[in-house]
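In what follows, subunit A forms one complex with subunit B and a second complex with subunit C.
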Partner chain A sequence: MTITLTIDGQEVNAELEQTLLEVAREMGKEIPTICFHEATTANALCRICVVEVEGQRVLQPACIVKAGAGMQVRTRSEKVVRARRTILEMLASTMDLSEAPEIQAMMREYGASTDRFPDAERRESAVIDDNPMYIRDYSKCLLCWRCVQVCADDAQYTFAINFDGRGFETQIGTFFDISIPETSCVLCGQCVGVCPTGALKPKREYLLEQGISAGEISIMNTGRKQRKAK
Partner chain B sequence: MTEIDLTHLKPAVESCIPMGRSGLLPALHAAQKIYGWLPKEVAAEVARLLRIPLADVHGVIEFYSLFYNEQVGQKFIRVCTDQACALKGSDRLLRHLCSHYDIEPGQTTDDLSLTIERSPCLGLCEQAPAALVDEDAETNIAPDFHSYDLGIPQSFVYGSLRELTANCGEGTTTLAKYGEYKAYKKALDMPPEVVVSEIKASGLVGRGGAAFPTGVKWEGAAKAAGSQKFVVCNADESEPGTFKDRILLLEDPHRTIEGMCIAAHAIGANKGYLYIRAEYPYIVPVLEAALDEARAAGYLGDHFDIEIRVGAGAYICGEETALFESIEGKRGFPRVKPPFPITNGLFDKPTVINNVETLCNVPLIISKGSAEYRKIGTEKSPGPKLFCVSGDVGQPGLYEIPFGVTLRELLVMAGGVAAGQSLKAVLFGGAAGAFATSDHLDVKLTFEDLRAAGLPLGSGVVMVFDETRDIRDVLKRLGKFFAHESCGKCYPCQMGTQRQMEILNRVAKGSVVEGDFVRLQDVGWTMTDASLCGLGQTAASAVLSAMKLWPELFDHKLPRTAALNEPPGLAASSVKMKASKTKPEAKKTGKTARPKSNLEKKTKRVQAKKPVKSVKPVRTKKPVKKTGSKK
Partner chain C sequence: MIKADRVVTSTCPYCGVGCALQLHVKDDYIFKVTTPFDSPVNHGNLCVKGRFGYDYIYHPKRVTTPLIRRTRQEAGKRSQAFDLSEWREATWDEALDYVADRLVEIYKRDGSDAMAVYACAKATNEDNYLLQKMYRALFRTNNVDHCTRLCHAGSVVALQQATGSSAMSNTASQVIQNDVFIVTGSNTSENHPIISLQMKEAVRQHGAKMIVIDPRRIELVDFAEMWLPLKPGTNVPVFSAMAHVIVRENLVNHQFIADRTEGYNDFIESLDKFTPEYAEKISGVPAGDIRKAARMYANAGKAAIYWGMGISQLSHGTASALALINLAFLTGHIGREGTGLNPLRGQNNVQGASDMGCMPFHYPGYMRVDNPENRAKWEKAWNIEEGGLSLKLGLTTTEILSHAHEGGIRSLYIMGENPMMSEPNLNETRKHMEQLEFLVAQDIFMNESGAFADVFLPATPFAEKDGTFSNTDRRVQRVRAAHAPRGQARVDWQIICDVAQRIESRLGVASAYWKYSNPEEILREMGNVNSDYAGITYDRIDKVGLIYPVPDLTHPGTPTLFTESFPRGRGKFHALDYVPVNEEPSDEYPFILTTGRVLEHWHGGSMTRNSVLNDAYPEARVEMHPADAEIHGIRNGDPVKVQSRRGEVILRATVTEKTSVGVVFIPFHFAEAAANLLTNDALDPQAKIPEFKACAVQVFSAQENDLPRADVILNRGRY
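Take a look at the complex of A and B:
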């Protein structure tokens, strides 16, 4: 069934089951997203995609809200822009966004300052290098949940990782912080594939960045194999 | 470390195994009861027995404040440091206890005999300062710490009406005393849709804070497709300053159970859950006994039965969908809505979830009939309402009044501002509420009048601050509360509560930096507009209202005010307050038309039977010394 709604003053047709995000993108309107990924269940938790829908008390996440007949939607109202800018500024004050070029671009677009919050506590942790396949650098993690989702029932049904802590102190973790090889992880790599910020990274890429040459990495691997063989 | 003996675990969690994932919280509670905490081996065995992934079990333990994956003391003292207790010197109490045992808050003595923790509001605000000692409430702790009440907390019930609180104030009401479930029997003779229309006609709206029309909710669930439906009672009362559900459940459990039975008949549910916060451990046996009585009398049984679920320290689980997640054995993350609980609630089935006070109105409506019920209160806000009055008033307690009484009249009933001080502010509706001042004294306490005045009724909190109080201290505690209780799911609340707390700490220290006013506003409005659930959407509500009323507190250009000190005149004010308790007296609120003697006749102050008034100083209780301390 086709319905008509208005987005930023422009009438547009949509299918009933389409989300506002899909409709806006078809119109060529860019609504930013962070946690949204085609392969995972949308949780609407980053709230960067919020838009103003007339008659609604609070802003609505475009990634899950379905288009409705006669809906009046504003994707760039003052409220929307303030929320997006503040969320980006809070992210910048919390974590390392150096390997998240998409979020950096959003910050430029919304005039978000990287040092809006003086003396803000950051989420920092050391790089965890405990398996041959990938490293975990949770200083770069923005808690989009995608890795937990693909590890669980969105893809792999492995359930190796979940959450530690609560609120601002939340971090992705394993059962009592055991190392990845001790968990049910099958090294499928799907979590690495969906990570948007470089918090999860292939080990080889990480070593190359550390200035270790491809040749040396190859020798390291050989060494490991030889050690294992003994 | 000694090896952990797992032989007792399986029998203890046996009954949880058939529940599967939903049995996780009860199983973890049972395990923690045996071991005192949840060691890795125990968590792994629970995971194996219930067939839940290890990482998920760990995620759940990590989410709830009252599950411990590090060894803690055999004895636990949790000192409430939220607003109402802070006014009565809880910081001093905490310092006193900690220095006595030579530990810091959150630490355990070296001999593992005692852990002392700061706690969010324990729902004992009218008997502040208060603490929870293992499963006993320690209340009315004297300024010299030498006397206090210990055990099941007392119930101080006042007001101009005794409808919802008819059986409150004299200890737990047994079924024999409560009498038969007359309203339920009457409802059973009515077709379910007539029960629903009766509730709709009564104009009852939810008393937990959101004020959603109860009849509309019931109608939705009754009409929803599906044969399995649930009734859930939300007794996760955690809003700072709220203690009404504690008193209703402790003193008159059958009223809530009868309300649930009527709801079950109305929507066609055969299973109910009563989810109660873990900070009310002394209520659980009372509820269990009441449920047994109701089963024996045939009110509960195969047609409809109720299971108690105990939370584990998470304010967010008062949010309805987070509460469902918790019953389902998961971290208490709120769900995105829609879909709404009436179609996709607990276990994805149609569910009616109501607050305790809401359910207590139900038997009243059915027995009186909606027309008679509507004679109480105002046209747009019918019915009786409970207010939790705490802070600097002569007579803190639970007040039952009809909607339409003014704030001034309520404060007069409560003995006015304590110790002859004048009013600075009233925190309305709880931490998620807003501040009122003396300008609001003539506002009628109804949904419509409060809305017009920009005040939320919330859960009925009226917390009074006298003119000597520093609002910055109240704000600092609000900031800490929300940062501690944010679930961490959506970005605005996860980071916003943390940034809000940091700025409010600067405000409290008198070290506001340039731009903090706008910064705090941006964070506040972003949480309000963009958060996923009600917690985030109201986490800045009181702060934003304070910024309107006292902008100077947040202005970096004004001379830096001194950092916060201890609230002045603590001892003196509490002494005077106690004196004024017996004879309520209007002070400074200056209204001549004071509710007359019939109010005082109906006013009861009854001491519950259980509390043991101790005259022993705190330090004589099983002294625990940190080994190797210098003393």
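Take a look at the complex of A and C:
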């Protein structure tokens, strides 16, 4: 069924099941996204895609809110821009965005300051190097949930990782914090493929960054671990 | 953060799924692999091999200089040389001249029947087309084969007999359109990981029902509606009993049978004996489950069958595949989207190498070699005098080696294959290899077979050459070089052209043409005669591959086959008999050994054991059921000796319910405990495929220090 709504003053037709993000992108309007990925189920975790919908008390995440007949949507109102800037500033105050060029570009675009919250506690943890294929550097993790989703029923159905902890302590982890080779992980790296911030990285790329040469990597023993019998 | 110098789009070199790869290159080194999320084959997903397992390209053991054996090898006394000291480095000219001299010498003395070649399902279509052209056009022999003989020959022959085609009838991504699908003889999660994701998606997101028919409790069983754990080698009675139920309960598709098939009446008569109770007695699958599975498959709106080597790798592999084809004909689950008969092809380009005619009975495009009309077409294409090409059927992979003796095969050219790991009954294979008078290896590693050679020609892996692979969907996709070949290594098709021209000048014959300036010219030459590929150009498959048949330059490709008719006209039912496996368990050898692959490794291990993948799965293991292990006093991780009538290996046991009682499983990747030392070389009478999936073995406890030293094997021959 086709409906009509208004986005930024422009009338537009949409299918009933389409999200505001899809409709806006079809119009050529750019709404920024971070946790959203075309290959995973949208969950509206990061809220960077929020838009203002008339009659709604709070801002609405465009990645999951469906287009409705007669909706009046503003994608870049002052309230929206302020919310996005604050989200970016909160991210920058707690995590390492050095390998997230897209988010850095958003910060420039929205004029977000890196020291808006100077007293914020940073989420820092050591790099986890426990398997031959990829490393996990959760200092760079913004909890977008994509890795958990592709490990579960968005792709692999392996269920090796999930959210661990509560509130500020929340981190992506394995059950009982066991090492990756002990989990059901099949080392497919779907998680690495969707990570937006470099928190998950192929081991070989990581070693090169550490200054180890390609020749040395080719002969190094990258930690032989017995595969656990299933 | 490393910034790539370039990102090169190519196709994965491992299994037949054919996933798109983006190779991120920095300083001529691939440091990362990603995949586009809009790829129609893999939708942004990869497995551990595709995403991480390409580093064998840079392994220091890779051979990148032409090598010639220091001591001249003689037939009957040929030995393996793993150590570099036994070889001397040669120039390309010297190595190529030597190959041409020796091959021509043997050909002039002993004729066409002394010559044979193994093509390579890992190499490109272009490489394979040229290799069979060289042997057919110059040495006038059809002794051309490759590992398709060892994987899906049973399925290919069965599909040829029943339909006239020999590939998957539908694409793998259509699995989400199935209402019911059968997965049998395929551990899809480990061998075609990306197709297994689509199967799981079909079940969890699209409401499809999956029936797994397999001796092992594979991962897919967790997602299946039913699991029928049959004894290895009892496919025919189980599938025929399903057909029996479908006929008895009148669940057949009468319209389809009348319009599209032949041989129905003879076929249903043959079903009388195949009652579910009879099948239960042979296979161990409860009769009630056979009935239920038959009803589920027959009553579905759209149903498909996906199968792997558990069907074909038997001494009655052709009959096993025919039993599945009969089911599809009975119910009409073929010729529409979301239905079909789908043998999941193993190698990245086994479909392509077969399409290119690297088989002893067929020219490119499955044209029989014993048909003079087909011969005339290729004589014209290759500038050969009329009647010049051989009408004689060639020898198959296994036969080529068993004919290696005085008066038989004298020389063998191996491109990229490793028969000393992949043939059955390796102790016998070794004796045959020793009998060869001259052996050429064109490869990237000095593997167990190349070590027997006189000359080693250093070739290139997928990431150093341009060309095409044809995946299990019949989709022809581009392969692109990420960087130049390492060292002095050369691209395979160029090596073949160099050898061929030297042979022509020594034979003093008119040229069949070898002066290609790029691989696309090679594909065009083949497509001019093979109409399936007629409409494929590199330009058309630049972004997304085309699914053949593509008969002309505007044709969009053919994802679903047999929508109107079968290539042979009507689909042919085949009446079948139950033939037991060649070697049944006995008191002396009470276990059935079945072989296969694991997720982290590939076949003979040339690639994956020289890769970081070996760290993820470093040693051979034999899977044993807890009930069997307890009787034999074997605990998880214990060293055991597994012995058959032909050989023995020592390796650690994994005690697991993944295998069934009375069945042990060994993957065949590990040279230090090669499963194929044990396997039976009994062949299927029609397809000549060996019985890798069932032989009789005994298991004994062994000592820790009896275990072979994998590190010694892996370190030998530092090149």
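Rule of thumb we're sticking to: the second predicted complex is superposed on the first by the 220 of 230 C-alpha atoms of A that agree within 3 Å, B and C clash if a C-alpha of one lies under 4 Å from a C-alpha of the other, contacts with A are read in each partner's own complex, and residues count from 1 in each chain.
The working rule: a residue touches a chain if its C-beta (ideal position, glycine included) is under 8 Å from a C-beta of that chain, and two chains touch if they have at least 3 such contacts.
Every value quoted in this text rests on a predicted model; they were computed, and no experiment measured them.
With the two structures aligned on subunit A, subunit B fits next to subunit C without clashing.
When the two complexes are overlaid on their common chain A, residue A:A120 makes contact with subunit B while staying clear of subunit C. In the overlay built on the shared chain, the residue A:R25 is in contact with neither subunit B nor subunit C. Of the two partner chains placed by the overlay, neither subunit B nor subunit C lies in contact with A:R74.
Applying the stated contact rule after C-alpha superposition, one finds that A:G193 touches subunit C and leaves subunit B untouched. By the touch criterion stated above, A:E99 is placed in contact with subunit C alone, subunit B being left untouched. The superposed arrangement places subunit B and subunit C with a least CA-CA distance of 11 Å.
Remark: subunit A residues 37-39, 98-99, 101, 131-134, 150, 153, 155-157, 181, 186-190, 192-194, 198, 202-205, 208-209, 214-215, 217-219, 221-227, 229-230 touch subunit C in the complex.
Note for the complex: subunit B touches subunit A at residues 40, 43-44, 53-59, 62-63, 65, 69, 314, 331, 336, 483-492, 494-499, 502, 506, 513, 519, 522-523, 525-526, 528-532, 537. Residues 34, 43-48, 50, 58-59, 61, 64, 79, 82-83, 85-87, 90-91, 93-94, 116-121, 142-143, 152, 159-170, 173-176, 183-184 of subunit A touch subunit B in their complex. In the complex of the two chains, the subunit C residues touching subunit A come out as 1-2, 26-27, 29, 31-35, 37, 43-48, 51-52, 55, 58-60, 189, 193, 197, 200, 204-205, 223, 599-600, 612-613, 615-618, 636-637, 654-656, 658.
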